[in-house]
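Listed below are the structures to be examined.
Two complexes, one shared chain (chain A), two partners (chain B, chain C).
Now for the complex of A and B:
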């Protein structure tokens, strides 16, 4: 049986549109030094490192070795991960497995991206199949727009329903000094913003961001020795869905599942952790919502409500600060999206919430928190974090 | 620009060419040569679940079995979902701005069980809908590329 694992320290750069004042290594170093300070540790206390970004976005394809000055990985075990939008949560899951396996006690997880250094849409297009996707695909914005079109057709949801998500995320971000966008947006602002790819408007979309995040994962044998209270990992799961950008749309056609990768990964981890009613049981959720419509469909895929039920709950403020389960107190991905860091930031925000260290965005009395990662052809990582040490380690 | 920013140095990658060559595989090549030479679509059928894949692939993901039976499919089908792209971006395949606006859609050809991504020659969101029937229009000069299909037109 594996070891139980906790997040014991957090480091994060402020998320910004561009950081020309630092190189990638230096950006990584900012988050790492903050995490080490938070842990009351030095580089020598770290047993192993997991690092990731979308390396071809920056055009630097060996970041594990190139970044050792920033990561502190010089002559240490290090593993690099690159899984698209899910990169950050994959890093968290891999760090969890490193520690849960019993092989390492203190693992540093680092996610980062400098989107300002490349053309993000161009880079995303080259992540897809050269024959069947690239000639037609217009990157994440248009891919997500196709999801939105299908979602509206299937449920009767409107563009204005999505605007409620956009406004919520931007409003929450005003409480977060780390967030990239601090926009006081109204529903009208979102609805009047120009279309990027119908039905997705400028106000519905995430930005491209520079930033880094670092977490320290510790085993149950050492977790209580840190200055901060541990935020325990209760369970993790991931699922990948098919191969080509067109594959996810079959689900809309057949109606067999509602974002199957997210549905299956969340059901898997809920079963192991004992979640039967996510809306009742989670106190806060930090979800990878790359655009507004995701804040509708993903709530349904994650089991917070029935298919088509998210617009009404969203409009009622269920997922606002002060609501039944606040979603993205940080402002989420729609307020900051340094792609390789984004998923890890979701986990970091959950840890801060559990530790009671989330400042002006703190949700009271967080016992159980949900984090997700999203990427590529609609695949999904799901992590559950809690204040209490789980009774056993879970896969 | 602040004095501080003027002192920050950026290195640009410049006008570099970085040639790659990708293999379409046996069935991918068959699909593309049929498009090029005969203006026909070919799919491949799973012996276990019966699903017809267009474009063809070697393995049925859910069944995890090798696919061998090539089957013809129609050049007409229906829109499963769609968008009209209006933001400007550089096509990484050509290095040129993609002409916008353009509509692209997930299209399920008659006889296929998977969807093909392609352009639809309509950019007014009022005139496009899920379930709309479309038909392939081919380029005069064809080279063995998905772009041998000029676009799909509404029928």
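Now for the complex of A and C:
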């Protein structure tokens, strides 16, 4: 049966709006170098590599074979996985399966993106069906605005409720030297920022970032041989339910599910891992919140509260540093969004929190952490990490 | 490695253009065929791996478009970008992890809606190489020339590969391009990029395929003809063409070495009964056979000449007609695995070779086969 898997080393570049000083390969190389140093290893000790980003963003086809000089994959197996915004978490999950399969003991997972060299919105528009969706679709912001509008209508949540999330994330980022945006922001600042697509304002939105992240995943046979304490993967799952833009909104009408991809994937993992009360059981969460309204709706979809309950819980400080379950101590995606790396950074931050290495953003005594990825047509990846070695590999 | 089996396979016909079908339609057809082959319903599939490439599909996150078509609704699903052999390897890992009993792997490609030179040009370094206009064909011509110069491989020997594989394609109902060729015909076809001539090249193709993988326990319940994955490995060499000796396929040698070690293959030329290799251009077949250790370095041309690789030879290579007779990129590698599985099952129809117990399937990623994936498949565990 499958091996148990841990994150044993982390590398991360500082997240910046532009890194004209390095090529993509060099950017990847920075994160890889740091991860190897963190592991006290050299390239030779790595058994396999998984990498991902979005082809059309930087305009590079076959990123796995292109990146060899930066990833250290020369004469090693390297595989590429791409699932949109979820790519980073997909890479983490792929590294998990590489190791859990028993075929590889030490696997390097790399996510990266150089948005400064990309027409991100132009590329995102092409994600949608050329006949039905593309002519009316204006990139990621418009899709999120549709979600926010529907959420507000359904629950009575306000723009100010969302602004609270934006301020929280930016305030948290002040503790994170790796974060791209260090903004002292008030709710009034968010509310007064220009509308991008109603009700989403500039202050509600994530930036475009250059950055890379690299993690080393190790099997239970070798995980204790690393200088850092392992952060164990307890469970992983994903749901990519939809092909068309209009699909995700059907559920608002039926009321059967609430962001069904996230609900189904989180319930899948919770069942495997034994989570019955996420708010009580998780000590910290690093969630892929691409904009502020997600910080409300996702909490409900992830089972932290009832439908419509997130604004009150959020305003009560439940998800602030010092609250019951701090969300995004790192400042999250609203403070840095190197898209292909973003999901992997969530896993990296969870690992640092579990290892007690999160510096000024450390949450005390983290036993269990939740990481998510969001992307594509409202897709969701969910990973649970813990301090304790799980009883068995639960996928 | 714990036993994992191929329990179902499905391929669409490979055609120059499937105008009426979008790629979700192709994926649906292939998935349906694989489920029928295995006698399974989609409910019995535990998770799905799709194989996609945004450049070829002209869409960002192109796997999004096939989520419905491959039946992945409410299943764990992911997307490998690269050749089908790599995606299927990830499918094997998902089974071995113990999390899933069955994995559906599907790949699609519509060459008819792609701009091959532009898309393959985008594999190359954006600063130093792309502006030269280099693409899959011209880079392969450099490799072919290097291979010929180093070992004295002749254009005629490469032409023989083309004659053989296009001839085999007559016996394969899914093949796109069965052709009655002679060495003279290949030699007198126009040069596309010296030394590669028109009839040394694979065609542009549309197609899709799907494979169902299962754990030993599940496989036994699904089929009485499981095809076992005995060994699988992949490896990448250097990115810049100038950093490699193009005639030396060290990454393939390394991948083959690992796959053979897993499979208990000590003498490939003796232990392997059939091979399906990624012959996008005719020179590739002998070169990859060298990398696979089926003959010595530099001996690939003579191996072809000897007739050993013919359908009725001792070690048939590309009995299906290979990529030369139809090359839906990404699907191509998965089709190599499927063809080996059919041969091992004895279900290859007219292109069935004799006594196939152990077969090798091979796929590539990146320019001039920078990255190689090798599969050893067998009828016995």
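Keep this in mind: the second predicted complex is superposed on the first by the 395 of 395 C-alpha atoms of A that agree within 3 Å, B and C clash if a C-alpha of one lies under 4 Å from a C-alpha of the other, contacts with A are read in each partner's own complex, and residues count from 1 in each chain.
The rule is short, and it goes like this: a residue touches a chain if its C-beta (ideal position, glycine included) is under 8 Å from a C-beta of that chain, and two chains touch if they have at least 3 such contacts.
Fair warning: this is a prediction, and the values are worked out from it, not measured in the lab.
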* Mind working out whether A:121 is in touch with chain B, chain C, both or neither, as first, second, both or neither? => first
* Asked: Can A:64 be said to touch chain B (first), chain C (second), both, or neither?
  -> second
* To do: Once the structures are superposed on A, label A:243 by its partner contacts, choosing first (chain B), second (chain C), both or neither.
  => both
* Go through the superposed model and pick first if A:196 touches only chain B, second if only chain C, both, or neither. => first
* Asked: Is A:21 contacted by the first partner chain B, the second partner chain C, both or neither?
  -> first
* **Residue contacts with chain A in the superposition, chain B compared against chain C** => C
* Check the residue A:150 against both partner chains and state whether it touches chain B (first), chain C (second), both, or neither. => first
* Does chain B (first) or chain C (second) touch A:326, or do both, or does neither? -> neither
* Identify the partner contact of A:137: answer first if only chain B is touched, second if only chain C is, both if each is, neither if none is. => first
* Structure fact -> Dual-contact residues of chain A (chain B, chain C) 59, 123, 126, 130, 242-243
* Residues of chain B touching chain A in the complex -> 4-5, 8, 10, 13, 20, 22, 24, 28, 32, 55, 57, 61, 80-87, 89-93, 98, 104-106, 108, 113-119, 125, 129-130, 145-147
* Hey, which residues of chain C end up touching chain A in the complex? -> 1-2, 24, 52-55, 58-68, 72-82, 86, 89-90, 92-94, 96-100, 119-120, 122-123, 125-127, 233-239, 250-251, 254-255, 365-367, 370-371
* Report the residues of chain A in contact with chain C in the complex, numbered from low to high. => 1-2, 23, 52, 54-57, 59-69, 73-84, 90, 93-94, 96-98, 100-103, 123-124, 126-130, 237-243, 264, 268, 375-377, 393-395
* Structure fact -> As the complex stands, chain A meets chain B at residues 20-21, 59, 119, 121-123, 125-126, 130-139, 141-142, 145-150, 153, 194-200, 242-247, 249-250, 252-253
